[in-house]
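These are the structures in question, set out in turn.
Both complexes shown next keep chain A, but they swap its partner, so chain B is in the first and chain C is in the second.
Let's turn to the complex of A and B:
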């Protein structure tokens, strides 16, 4: 039976080339966009680089302070003092790391201007994030405490400075200060925002210690626990500390800051009220579902229309099948199989196109070192999306076609 | 085999009620070969559709093979049509996307018959209509007469008790029409199949055992 359905479907596709093309084009375009979006989102939420264990830590990277009446608000990046006073004393996290945001510097290597990004970190940073070492190792707690001028480079930067020679033990000059290279790590994709950099230095090597007194600055904190279930407790501890212990700074009496995982951070960016401790993840997920559904609905409606227009052409076939004993449900099943087949072909093409697009993004260097490896999760999600798409666009026409009155169908007409 | 008692069929539109059949009383014996004649629009195709369970009467009683038809539920009548009735249409109604053999297999798809057995039965039916050499062709590669022979093979592949033919020779020239008629006659003779044939052709009708004439939705005796 299925073979017969598939055979008929295939012949119908070949006979109606324009119809098949328009349908496939719609399916393919929609699914390509969805697959690309899913793979980019997956890459962000489940990174493959040093942030691969992001289910074990949270990040504090924003601070909002307001006065009592909420008439004056300051939205800033936290300074070292804020983190040292309100994050470092937390009891639940097993490891806390403090690190700066990225800083761009230019340097000349053999007369050629090259731009690098620099991040300054503590020693815990290397314990939480899972870097792959090509050579040497990260700077130690002792080197950090003593403010030793040491550096870790990514592979590309090491090669730009020293070619194929080992970089470890050699020195580079950054902002007029000489640093000894202690380790070289594999390149980190730009999408891993807390791990990415070209060069990492201990922040104890900063020329001045004035940063230690600043509430506003360029610092972030990473709060790690080996048991992901404890992360919620970390969030609660941090929130209650800010609510109870925040000491007013000038007129600012209240502080709002959050220890977020990547999804929570994304949700807060889009929907969040900065002066709140609420969690917006579910809002984000609902919004994504609604947007995806609407996005798939438009081409589905188009397919519904095209499919219904086929009724006239296939009325005789429907009439004959009914006359010879096909039930409405059997015909519904037949038309759904046809639609699923067409959508699956579209889905396969979409997977190929999306891989091509993502490979082009990887190769363009638009996002440094980014990689979108094939991922079974994404494949399964894409496949499910494809099936949902084919059901959304196929069920109604299938019922409409299958319910044709056999007498009218044999006359080639519609009720 | 078939009993129609006080069968009426009316079509209702927003403003008008049209009567297609009124007060039809008809019995057809098992193994009988009858023809239904009448002018275009007189209701003979409606009668055939009601007998073939493709259409539902507005009122009256209909019993098929001793069994009164009380339910016109999709699933119930689909089974009856599949097992008991074969249809031959004036315009063949072959599925253009399927090969001859697959077209003939069609009624068996809706029964529990293995693919191998289906193919075997389809080939046997095609042999009966003299089309063994054309099993892998597509309908549009055949002449009108050959296409109707495929349709006959499809109608008989499931060994139905009742064969309904709606102007089976109407779209064919007299030579091909005669060929089809001979095949239908042999089915009647060899398998004792009950056959109801709608026709405009007096000569064809005379070859059947009984002629029923319909005029303005009523039987004329």
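Let's turn to the complex of A and C:
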């Protein structure tokens, strides 16, 4: 039966090529945009680089302090002192890493300006994040403790400085200070905000130790646990520590900070009230659902419109089928299969187009080292979206068609 | 005639209802794109108030990264002197919040019974002249204002227009009486404008304070270069800076480079949204065209009767087009009812009535034009239906 439906559908598509084209165009356009958005989001939530195990850690990267009456608020990045006092003593996390945010520095190699980014980290950083080493290895806990001037480079930077030679063991001068290169790692996509950098240095090599006294600064912390289920306990522990043990700094008596996973961080960034410990993930998911629904509305209405106006074309066919005893439900089923088939064709085209668009973003170098790999995850979500779209746009016309009065339909008229 | 058309449309209200909905949504898409384009164009064509060529920004940071620490003003002084001695550099200034960046300070408080809010900045003497600001009233602050018991400020024209109703404001005190610092802040001059964040940012009242060594910590050094200085001067400049202060980090960026990226930041997303919108509109146009074509075919008997009763080809053509125009207008009406909530509610303060109507009108015209284009060909087909053939259906 299904085979018959598909055959009929194919014949119908070919009969009026212009209408098939208009429908296909709409489906393609909508799905391409949705697939691109899905792949970008998937890349963000399930990175393929060093942050690939991001279900095992949380990140603390913001700090908000207010006075008692909430009339004065300071929204800052945490300094080393804040992390050392309130994050490091937490008991649930197995590994805690402290590292700085990115710092851009320009240098000139043979008169050419080269900008690179520096991140300063501790040794735990290399244990939590899963870097791929091309050469050598990361600096050890001992080197970090002693404040040894050592550096890890990414592949591109190593090649810029030393060409094809092995960089390990050579020295590099950063801000008038010599560093020995101990490791070279594969380039990290710019989208992995906590892992990305061109050069990594131990922060014990900073010229002064004044950073140890600062509540506000440029530091972040990563809290790791081998069991993802424990992450919630880490969040609770951190929240209660801030609520109970925060010691006022000047007039600022309350501190708000969060250990978030990528989804929570994104939700907080968009919807979050900075002065609260709430979780905004569900708000984000609802908002995404509403936006994608609104987004599909226009092409859906367009398709519904077109399909309804074409009912007449199929009137005689419907009449004959009904006269021979086809039920309304059977007809509905047939028309939905038709619509799903067309949407699937559109979906395949959309996958091709989206690959083309994303490949050109990757090639353009707009976002350094980024890659949007295609995986099962994306495929399933895209397929799901395709089906939702075909149902949204196909069910109403299918019912309308199937309900045609057989007598009228056979006569070929519709009033 | 019009009544007749409405009657026909009402008869087919279900099918037309869907078209109305489609037009309304498409209209809202076009409206928002227009709104953004017109807003940005209006802002772009207003004068910037300062010059950006041959001016570079040097951001100074302590190596540990945080800028809010350890650099003392006394340490910055020798660096500025060194810079001034360079042949390529005409002048060196301090500026609290740099240009063409999302880095600004705002302030709001009560002044003489009304709430004022403005963007503010701190500059040293002569900086305003060297940045190319234009004085319209009073004078710039300078050495003569020091030690007289007041703090001299200069404000932009919008500040005067908004908070002093355009009256002479020279000599007025604008300090916040409720703050602990009760020093008089006297307006000594009025300048045209200083749109610090660039062309695509809203016009705002602006106040510039005079730099004081013991009061302000400034991390942005702005240099005015002599005409014809090449970009390659960056390298020796960086060399000089790191030699004088090896414990600091510097970032050098020409103002025009920042301006470019600031413009792109607004322009690229807008371009991207416009491309998607254009595709959607194309889709809607194709859809309307297809629906209308089908409608004309299915209404052959009706058209046949009209032709048989003496309607001209032109009359039929006009009927098809007018019908779609009316349906489109209904869609526009719904779109208008929805979008008019924006200026009424004041949800986004930037959307005022002028901006609203200047986006509303072209968007509506565009949709009507689109309707005419979509109806033209199907209308033509309708005129080709021969009365006999058309009547044959019955």
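A few remarks follow.
In this section, the second predicted complex is superposed on the first by the 414 of 415 C-alpha atoms of A that agree within 3 Å, B and C clash if a C-alpha of one lies under 4 Å from a C-alpha of the other, contacts with A are read in each partner's own complex, and residues count from 1 in each chain.
What we mean here is this: a contact is a pair of C-beta atoms (placed from the backbone, for glycine too) under 8 Å apart; a residue touches a chain by one contact, two chains touch by 3 or more.
Because the structure is predicted, anything quoted here is derived from the model rather than measured.
With chain A as the common reference for superposition, the partners chain B and chain C occupy compatible, non-clashing space.
Of the two partner chains placed by the overlay, only chain C lies in contact with A:297; chain B stays clear of it.
Once the two complexes are laid over each other on the shared chain, residue contacts for A:406 go to chain B alone; chain C is not touched.
Of the two partner chains, neither chain B nor chain C is touched by A:226.
Judged by the touch definition given at the top, the superposed model places A:211 against chain C, while chain B stays out of reach. In the superposed model, A:325 makes contact with chain B only, not with chain C. Once the two structures are superposed, chain B and chain C can be ranked by residues of chain A touched, with C on top.
Once chain A of one complex is fitted onto chain A of the other, the partner contacts of A:12 are limited to chain B, with no touch recorded for chain C. In the superposition on chain A, contact of A:175 is made with chain C only, not with chain B. Applying the stated contact rule after C-alpha superposition, one finds that A:29 touches chain C and leaves chain B untouched.
Superposed on chain A, the gap between chain B and chain C at their nearest CA atoms measures out to 11 angstrom in whole units. Interface of chain C with chain A (complex): residues 15, 18-19, 21-22, 25-26, 29, 61-66, 68-70, 232, 234-235, 238, 242, 246-247, 249, 251-252, 276, 279-280, 282-284, 286-287, 289-291, 294-295, 297-298, 393.
By the touch criterion given at the top, residues 49, 52, 54-55, 74-75, 78-79, 81-83, 87, 89, 91, 93-98, 102, 105-107, 109-111, 115, 154, 158 of chain B touch chain A in their complex. The touching residues of chain A, counted against chain B in their complex, run 1, 3-4, 7-8, 11-12, 15, 316-317, 319-330, 406-407, 410. Taken in their complex, chain A has these residues touching chain C: 18-19, 22, 25-26, 29, 33, 79, 100-101, 103-106, 108, 111, 113, 120, 175-176, 206-208, 210-211, 214, 216-218, 297-299, 301-306, 308-310, 312-313, 413-414.
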